[in-house]
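In the part that follows, the structures are each spelled out as structure tokens.
Heads up, the next two complexes both have chain A, just with different partners, chain B and then chain C.
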Partner chain A sequence: MNTPRYVKVDLTGGRVEDFPISEAYFRRYIGGKCLGARLLLDLMPKGTDALAPESVIIINTGPLTGTGAPSTSRFNMSFKNVLTGGVASSNCGGQFGAMLRRAGYEGIILTGRAPSPVTVEICDGQVKLLDARELWGMDTEQVQQALPRHYGKLFIGPAGENLVRYAGALSGERIAGRCGGGAVLGSKNVKALIAYGTKRPEVARPERFSAFVQKWVRFIRSHPMTGDSLPRYGSAGLVNKANASHALPTHNFKYGHFDRADAVSGETLAETELTRNSGCVSCPIRCERRVKVYGKEVKGPEYETLGFFGPNIDADDLPKALELNYLADLLGMDTISLASSIAFAMELKERGMADFGVEFGRVDDLPDVVKKIARREGIYSDLANGTKWLSEKYGGQEFAMNSKGLEMASYEPRRSVGMGLGYATSNRGGCHLNGGYVPLLESVGVLQMDAQTPAAKAELAVFMQNALEAVSSAGCCLFSAQTFIPAIFFKLGPNHIVTRITGRVLSLAGPPVRLMLALSDLLRFNTKYILPHAKALGLATGLKMDTGRFLRLGERSFNLERLFNLREGLTGKDDALPGRLTETPQVEGRPDTVVPLAKMLPRYYRVRGWSADGVPRAKKLRRLGIEAS
Partner chain B sequence: MAHRITEACTGCTACAVLCPVFAITGERGALHRVNEARCVDCGVCGRACPKGAVLDQKGAPCAAVRRPVWPKPVIDAGRCSACSVCVDECTKEALAISLPRFRGDLRVFAQLAAPEKCVGCGLCERACPLGAIAMEVPT
Partner chain C sequence: MITVEYRGPLAQLCGCRTEQGDFTTAGQVLRHVRQAHGAAAWREAKKMLVTVDGTSILLLRAWRTPLEDGQAVSFLPICGGG
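This part shows the complex of A and B:
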């Protein structure tokens, strides 16, 4: 069996050594974020500061990365979350992941701190540290031009160098934005990693794999979500849907509906600013937007960015939102945490608690503010620390829209309470994806289950969290999992009686989903309709893989991350939401428009097999094959 | 096994310039070498060498071929999903995804946008996950 080849680089002394992954580890943890979480637990000394030299960052791929399977240009970065102090995994497209594998490695582990800026070069199985003093200070476009042309590149911008706590790392124009991975690389004096090689990733059963990939790609292209909606409108197509169901955060999450939201919607973007759609390498979905900013064609915004540089700051200026998105990429920052910090500063100003010179509805000076945050200039250095830090200094915890310290994405949980549960329980903090992305069933998808009821939300959140964890660990983009909602509902439309009844019935899905989770070992089948990734993973690795084992992999990953959080001092008490979401109804006079977290959380813990204070029970861990570290 | 260069090499750099994976190095006028770890046996160097100084992976000398009859990719647009794997693979930048014909056009596909840059290495054909590319000698 070919086990993954990892290499460990001690940046302090410049020592490079191969880091073998045992077959037992490979079989159990596969790769990507699951293996990343395991290695973090093993290698990171307890209580290490995220930005200390001893902290460890693992940049790895999954077995499907770069194999030609759809949407598999992804790589994963696992590190200690700069914003929460818990686990972080950040997933990104671009060329780096596939190139890392071609260069002969499935993963690279960085530790220590280089004495001066370096570029880590991984070339034909050799790792070298190159001087990068000349690259230091460059923005992400300049640094790409300065690095060798056909290499896979992963690099940080000025924000990462200046340790902005939500700085990301970029590959091409894609960004591993969340959790501050850019700051971790910056703290290690690593400006870039570059990879080149020509070793194609081997798959265990090449012919069957290739035949399955062709079938899978046809399925993705024929599905209304991945074959039409996402290519046409990108994720930005969700703005109008979320707005219609009052789940579009407006005025720093005070409201869930914005009258002028259509001005920043995916549809308007497609009609006005969009030049074409594009995509990551190997992806047939092609959800990327191409737009013109400053006369150049650049990557356009995602839904979260439009929502946050639009309704959440009371703005409806699409060109400005595109510009801010571009600037955040250019300087290397996560747009979600950046925009949420700005919205929080606006509310502080509105309430007279602090003045950062930003106001709701005023966007003209925001490009300047963004640049100052990236440079950590003057008081703007505070904004570079995120909403949790800001609320500890200036007050306003009840409207600092983060969970555990990581800012929430642009889904209003009071009209999508499953998302509220997801934000609270997500291991990396207020993350919609790690949180299970339940709004797909509640407020932004074609099926509209009752968004206010806590019924079935715990079970669905657990199921979807596990599924998404597994998809990530395999090396695929999460969007490739969007095909699990049957195409027929899109054809009938959201208002058709069958679609509506199915949506309603989902509220009753709790017990069956729980049963399915408990008995996943019996799900010994593969189908392209639910999680085609399982079969592809089996064919690529030669391991026995089916839907049940695949879901178990996700569950193992989620529990491992939880163990890391617990070890670092994040407990069940941190599975919380700001007071605005749990206490203040979104609509006055409608007490049901809050997140009933206290009702959902105990049920969630039970479904997960955790104790009442949110600690995985020994029995559960044994069942998942997780050894205590 | 990889391609190799024999002592007959005069260091004209033709192969080094064309190699799609940058596997050949050497000073002008001096013997060139193939980096075996990187060579993908595409045969471009052998076709280009005017001195017959390249041995293929089996150790047989490669025959020179005139550039106009080097194979070129032919792309089945119906099968292509525009996933860009081939475009990314092509270090010669001969391939590109077609531009939409009208606003909102989603039917785009890979095409040989700059045939003069193509060296006929066939890496795109090998990489295409959908088998939509065939290398054919232009007639």
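This part shows the complex of A and C:
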């Protein structure tokens, strides 16, 4: 069996050595974020600061990365979360992941701190450290142009160099934005990693794999979500949907509905600003928006960015939102944490608690503010630390919209309470994806279950968290999983009686979903309709893989991440939300418009097989085959 | 007077982005789409997300949602992402 090839680089001493991954580890942890979490637990010394030289960052791929399977240009970065002190995984598309595999490696582990800025070059099985002093200080466009053209590139901008706690790393124009991976690379004096090679990633059963991939691509193209809606509107199309469900964060999550939301919606973007759509290598979905900013065509914003540089700061200026999105990419920052920190500063100003010169509804000076944050200039250095840090200094913890320290995504959970549970339990903090993305069933999808009820939310959150973990670990984009809602519901529409009844019935799905989770070993089938990734993974690796094993892989990954958090001092008490969401109803006089976290959390722990304190039980870990570190 | 807004492919099928009329329920607007713009437009419209002043009719009374003078009914495409 071909096990993944990893290389470990000690940046302090410039040592490079192969890092063998045992067959047992490969069989159990596969790759991507699951294997990343395992290696992080093994290699990262307990209690190490995320930005210390001893900290470890694992940049790896999944077995499907670069194989030609749909939406598989992804690579993953696992590291200690700069904002939460717990686990972090961050991934994106672009060319770097596929090129890393072509260069002969499935993963690279960085530790130590280079004495001066370096570029890590991975070329046809050889790894070298190159002098990058002349690249230091460059923005992400400049550095990309300065690096060799045909290489896959992963690089940071000024924000990463200046240790902005939510700095990301870019691959092409895609950004692994969340959790501060760019700051970790910056702390290690790594400006870029570049990869080039001619070795095509091998798959175990090439003919069957190729036939299945063709079938899978056809399925993706024929599904209304991945074949029509995402190519046409991208994720930006969610602005009006979330607004229609009153789940669009507005005025720093004070409200969930913005009267002028349409001005920054995906539909308006498509009608007024879109030059074309585009996509990552091997992706048939092509969700990327291309727009013009400063007269040049650049990557357009995702839903999160439009929501946060729009309604969440009371703004309806679409060109300005595009500009801010571009600047955040140019300087190398996560737009969610950046914009949420700005919204928090606006509320501090509104309440007279601090003045950073920003206020709700005023966007003209925000480009300058964004640049100052990236440079950590003056008081703006505080904004570079995120909302948790800010609230500890200036107060306002009840409206600092983060969980565990990571800013929440653009779904107002008081009208999507399953998302509230997801934010609270997500291992990396307030993340909609690590949180299971339950709003797809509650507030922004075609099926709409009761968004206020806690019923079935624990079970669905666990199921979806596990599924998304597995998809990421395989090396796939999560959008490829959006086909799991049957196409028939899109053809009927959300207002059809059958769709509405199905949505209602989902609230009763708790017990069967829990049974399915408990008996997932019995799900020994593969189907393109639910998680086609499982079959592709089996054909690519030669491992026995079916829907049940695939879900178990996701569960293993989620528990490993949890173990890392517990080891680093986070506890069940950190599975929390700001008071604004759990104590203040979104609609005055409607007490059901809060997140009933206290009701959902104990049930969630039980479904997970964790103790009442949120600690995975020994029996659960044995069943998942997780060894103590 | 109610303003009706068509987005996405529906705007092309209807040949206009907005129009105005006197309607008392959201269901009446859907019936108007069939009568004024044909069966293809109606088929597209009924599978879209329908909002009244930006709020989904699923949070209101579905097709029976009453309309008041000055309100806007929008037909929006179903989107995804994350």
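Structure notes:
Just so we're on the same page, the second predicted complex is superposed on the first by the 629 of 629 C-alpha atoms of A that agree within 3 Å, B and C clash if a C-alpha of one lies under 4 Å from a C-alpha of the other, contacts with A are read in each partner's own complex, and residues count from 1 in each chain.
Assume contacts are C-beta pairs under 8 Å (C-beta built on N, C-alpha and C of every residue); 3 or more make two chains touch, one makes a residue touch a chain.
Given the structure is predicted, the values throughout are model-derived calculations rather than measurements.
Applying the stated contact rule after C-alpha superposition, one finds that A:Gln448 touches chain C and leaves chain B untouched. In the superposition on chain A, A:Gly125 contacts chain B only, with no contact to chain C.
Shared-chain residue A:Arg276: touches chain B; no touch with chain C. Once the two complexes are overlaid on the shared chain, A:Arg221 sits against chain B while remaining clear of chain C. In the superposed three-chain model, the partner touching more residues of chain A is C, compared with the other of chain B and chain C. In the superposition on chain A, A:Thr582 contacts neither chain B nor chain C.
Of the two partner chains, chain C is the only one that A:Glu302 touches; chain B does not reach it. By the touch criterion stated above, A:Arg232 is placed in contact with chain B and with chain C alike. The interface of chain A with chain B overlaps its interface with chain C at residues 232.
Taken in their complex, chain A has these residues touching chain B: 68-70, 95, 98, 124-125, 150, 196-198, 210, 213-214, 217, 221, 228, 231-232, 270-271, 274, 276-284, 286. Chain B contributes residues 21-23, 35, 37-40, 81-85, 87-88, 91, 97, 99-100, 103-104, 106, 108, 127-131 to its touches with chain A in the complex. Every residue of chain C that touches chain A in the complex is listed here, in rising order: 7-8, 46-51, 54-59, 62-63, 74, 76-82.
Residue ranges on chain A touching chain C, taken from their complex, read 224-226, 229-230, 232-238, 240-241, 243-246, 257, 259, 261-262, 266-267, 287, 302-303, 432-433, 437, 440, 444-446, 448, 478-479, 482, 490-496, 500.
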